[in-house]
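Below is one structure; the comments refer to it alone.
The first chain written gets the first letter, and so on, giving A, B, C and D; residue counts start at 1 in each chain.
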Amino acid sequence: MSTRSGSEGSGAALSGVVPPLVTPLTPDCDVDVPSLARLIDHLLGAGVAGVFVLGTSGEGTFLTDDQRRRVLDTTVAHVAGAVPVLSGIIDASTYRARALLDQALQAGVDAVVACAPFYAGTHPAEIERHFRYLSERAGDTPLYAYDIPVRVNGTKLTSDSLVRLGQEGVLAGVKDSSGSDASLRRVLLDRADAGVPGFAVMTGSEISVDVALALGVDGVVPGLGNVDPAGYVRIFEAMTKGDLETARAEQNRLFRLFDIVKVADRGRMGPSSAALGAFKAGLYLRGVISCPVTMFPSIPLSDDEIEGVRAHLVTAGLL
Amino acid sequence: MSTRSGSEGSGAALSGVVPPLVTPLTPDCDVDVPSLARLIDHLLGAGVAGVFVLGTSGEGTFLTDDQRRRVLDTTVAHVAGAVPVLSGIIDASTYRARALLDQALQAGVDAVVACAPFYAGTHPAEIERHFRYLSERAGDTPLYAYDIPVRVNGTKLTSDSLVRLGQEGVLAGVKDSSGSDASLRRVLLDRADAGVPGFAVMTGSEISVDVALALGVDGVVPGLGNVDPAGYVRIFEAMTKGDLETARAEQNRLFRLFDIVKVADRGRMGPSSAALGAFKAGLYLRGVISCPVTMFPSIPLSDDEIEGVRAHLVTAGLL
Amino acid sequence: MSTRSGSEGSGAALSGVVPPLVTPLTPDCDVDVPSLARLIDHLLGAGVAGVFVLGTSGEGTFLTDDQRRRVLDTTVAHVAGAVPVLSGIIDASTYRARALLDQALQAGVDAVVACAPFYAGTHPAEIERHFRYLSERAGDTPLYAYDIPVRVNGTKLTSDSLVRLGQEGVLAGVKDSSGSDASLRRVLLDRADAGVPGFAVMTGSEISVDVALALGVDGVVPGLGNVDPAGYVRIFEAMTKGDLETARAEQNRLFRLFDIVKVADRGRMGPSSAALGAFKAGLYLRGVISCPVTMFPSIPLSDDEIEGVRAHLVTAGLL
Amino acid sequence: MSTRSGSEGSGAALSGVVPPLVTPLTPDCDVDVPSLARLIDHLLGAGVAGVFVLGTSGEGTFLTDDQRRRVLDTTVAHVAGAVPVLSGIIDASTYRARALLDQALQAGVDAVVACAPFYAGTHPAEIERHFRYLSERAGDTPLYAYDIPVRVNGTKLTSDSLVRLGQEGVLAGVKDSSGSDASLRRVLLDRADAGVPGFAVMTGSEISVDVALALGVDGVVPGLGNVDPAGYVRIFEAMTKGDLETARAEQNRLFRLFDIVKVADRGRMGPSSAALGAFKAGLYLRGVISCPVTMFPSIPLSDDEIEGVRAHLVTAGLL
């Protein structure tokens, strides 16, 4: 099985809408396997091109090894080859990420996604060593870099380094969650200059997907795509046809919907809880998952806050 | 065995110089057990009041579970009750830190040290849940909070929260590596107001230890204390006797010595590699450990850089 | 004379390419009036829709009152009504900006541009008082807000506040130099929701102008537009015709050209000197201005660095 | 008249408590000359060693040229040589600060205080040009550097540069408002190494003055010293006598009093308004000034907030 899904434009190994799945939980913070299966059905039914588990949206850094295995096994089995399964292997250092890599490979995922080391401060040359090591270990399984400075003490992957590692076959692509369209344009131009069309450039943005696709990204990995995968698929398809008006209108609707991450009271919980809690509340309200709780020690949304999310879903035409 | 070492001033459970041990490695990045044993002898011989393994200086987030176990077992066995052994249980979330906690308890440490969750952004109320959970799990083994904003995306533990958790018996103290004397003064005043003298306040500073002790901290946890433990013990003893001149002169010498962290070329390696590499180079040059390498993917100091460290040690009277 | 230049799309008071003029200087840091006149000719000849003096690119905060007057008088006289003249009135507080406002009004400019107060930290409600005061003082002369967080200690103007002040007639629009396409989309959507098409939204970006125009901004204010105004006019005209391919190709060329700001050695000078020095070097090499020096105490580009800029201009087809 | 006030320890040109005066205003934001005179009497009566007007606490960047002149003339006349008068000449660039310098010299101040350029980003070499230019212009009047990164986009003056400029006679000293005791220790050690005892090191801290004096600073410039100058004079005198206990107790009391800056609702006003408004409220409640308003566009404290400040003053024994 291959992660290649046929983007003629770039020849990249990955393209289309690849949502970073939330991890549905029971009220006691166990993995809710039936809800996860329904979430996968919900996404596949909307036409996604892949599923990405155990990323930031998947609360990968919150789960135990056993819980991660449950997520991996459920996903690989339930997707059953319909689309590629990508797994985050996000940990603070190379050798700790290696343990997650080994587990993901054993579960049979199609690709893995690693960010820069965090907690300790590292240099680009050290980050390259990190990716080279993990890529060699991964063998034939593609490794994607995950560029998410806001979560890793501000460490930004450089376009120069990414494209060079792409040329050398170390990296199959990058998920850019830097929030900067300039970052995307830089890596896309550098990719073109270097002649490595197979290096996939994906955006992690929820709110600038039309723009990112206009710039030439291969695919999109929006956390909000859990709640409204069909919306993002419509943007992708519209842009494929060159229908910018449709894409922009859809993105504008989803831009407003993304305000669900501001519903929860930030005086009571952190930004991660507020955002992931809102995604889960949206899925709960849409009947996809059974419980909107986020992982311990995250504080869950209140009933009032869940109603606040409902109002946004109604406005967005999802309820 | 108890971590209480008798600070009449505060009655805190921990006091004195408690260096955060580096983890000596072989050239292949395995734990170098004989070097670790020599490092422990070096520290105990200088009169330290405790040893803290698997913290930031110990590259705790870089090591595999097996390597952590090796460090824990070696340390507990070699210290043999002479002083308390503290272990860092630094991981991105509560449940992942729990696995490290269980391992540390099994190894028989005297206390554990946990920082706020990282990678995901959390709220003080969530951080309190994190500490409460770990403390309950730890049972009779004291839990210390580790306040190190620069490594955890800027998350700062609040004095209000720390002291309240101290009153409730959740936390036995805090290691403050925020680099702010105002932060120390705040928590010390709040501790006094709340009447919880048993709550230990330790500074993680290398360069302001005399000041911190003058403010009333119970102990010091300086990374540079690996290289010159006797110097920090002299500061502690001088301050205990009220001899500020001696303490200040000693601190000024160590302030200058701390410039070893600037020897390595930051255009070649990250700040963590540069600092830890310098500490290890110092120990290597002093004949304590066999190899100055830092953990993969960190880039090691060059021979020239090690010579640069040597010059500082000579100036500081250590060679 | 009016600043309205006919953008049917939004009805905004300002649209098109409005470069923020550098201030040409003599080697002794006096205003070089003949070079300024040539710069204006260079820009008008390329089809710009307005000229904006004494902004960040114009080193407005570096010039004395006399020098500012010279720039204003020269510009108003030389433009002679061909396009609107906007003047920055950038100072740390309301009353100090008022002095610059009075001077600009006396010189006969068509609009003024003010940023949030800086040095002191202010609240959005205080920033609103600032704009209301200046707007009332400006009378019929339109006031634009200048959103440039990176220069004002991170203070970000909020879309909510901007659009409300637009509705009330306090602000005629905003120049958004926040570098965030999400910020642009937010204010554009809020403008549409509020029904204030006359509120102009301009981007200060050099590197994402095609995207900004696709999102619906009325105009662009790129510092690099000093060097290649015709390039930005081509982007604007292409987007007006819906020719995205041309716009994107042109933007990509200018994206690469913008790397001239990285030519100078940052170990020798600050980022402002490096960027403005590169713009001036470009104008000098193209024969528009007589001397590439930036304002004291800025350090000028070396001859080698100017040659480095030349290489980029050749690649971009400008020499 | 000289700014030298006799610190045998360092020989520095300035020592003791030198409060940065707030600028008392009428309800209409004019300079309240009688209140300013009373403020000066209040400070001189408490034994301050100098007065520093038009700094950050003096809202120097908020005042018009006329208002600045009123403050300068009133202060120079009312102090009448009793202690040195220092004036801030804080503006975004060299030539704009020069205008403030000329005005201050004309008013007959004893010394001037300039920070690094702001708004534009500058390099240490450019900052040195800035200080050299202003120092030459100031002639025999001493120039002090003002290190306040939080207000100038994070620009930090380096110890290396400060001490070198001290050796060359460009700078007479530094007011360090970086909030870092390590910064103070560095410059004090470098001053000692370089052998320039006449270079004065002053701390701008309110909350770590005992520590700063223990480290060897010559004097203190605390904004809270407006409200309780006698308290800071007591710390200074206690430290001169080596009575650390008294100094620490006094500092701890003032540390708590400094919480008046947190009384005002930060959801309603900026940090500068909240802090300066609290200082002014304190002076108003103590009967020194007639009106607690801060400069437009700052939002004033509410009556409730002023009562909140009163409670702190009562606790601190000031009412």
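Definition applied: contacts are C-beta pairs under 8 Å (C-beta built on N, C-alpha and C of every residue); 3 or more make two chains touch, one makes a residue touch a chain.
Treat the numbers as computed from the prediction; the structure is a model and nothing was measured.
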A correct list of chains touching both chain C and chain D reads none
Chain whose Cα centroid lies at the greatest distance from that of chain A:
D
Among A-C, A-B or B-D, the pair repeating the C-D interface (over half the contact pairs identical) is A-B
Cα centroid separation between chain A and chain C, in whole Å?
37
Between chain B and chain C, tell me the centre distance in angstrom, where each centre is the average of that chain's C-alpha atoms.
50
For chain D, give me the residues that contact two or more of the other chains.
none
Interchain contacts (touch definition) - all pairs:
A-B, A-C, B-D, C-D
Name, in rising order, each residue of chain C that touches chain A in their complex.
179-182, 185-186, 189, 207-208, 211, 214-215, 244, 248, 252, 255-256
Parts of chain C lying in touch with chain D, wherever the complex brings them together
56, 59, 61-65, 67, 90-96, 98-99, 117-123, 125-127, 129-130, 133, 150-153, 266, 268-273, 295-299
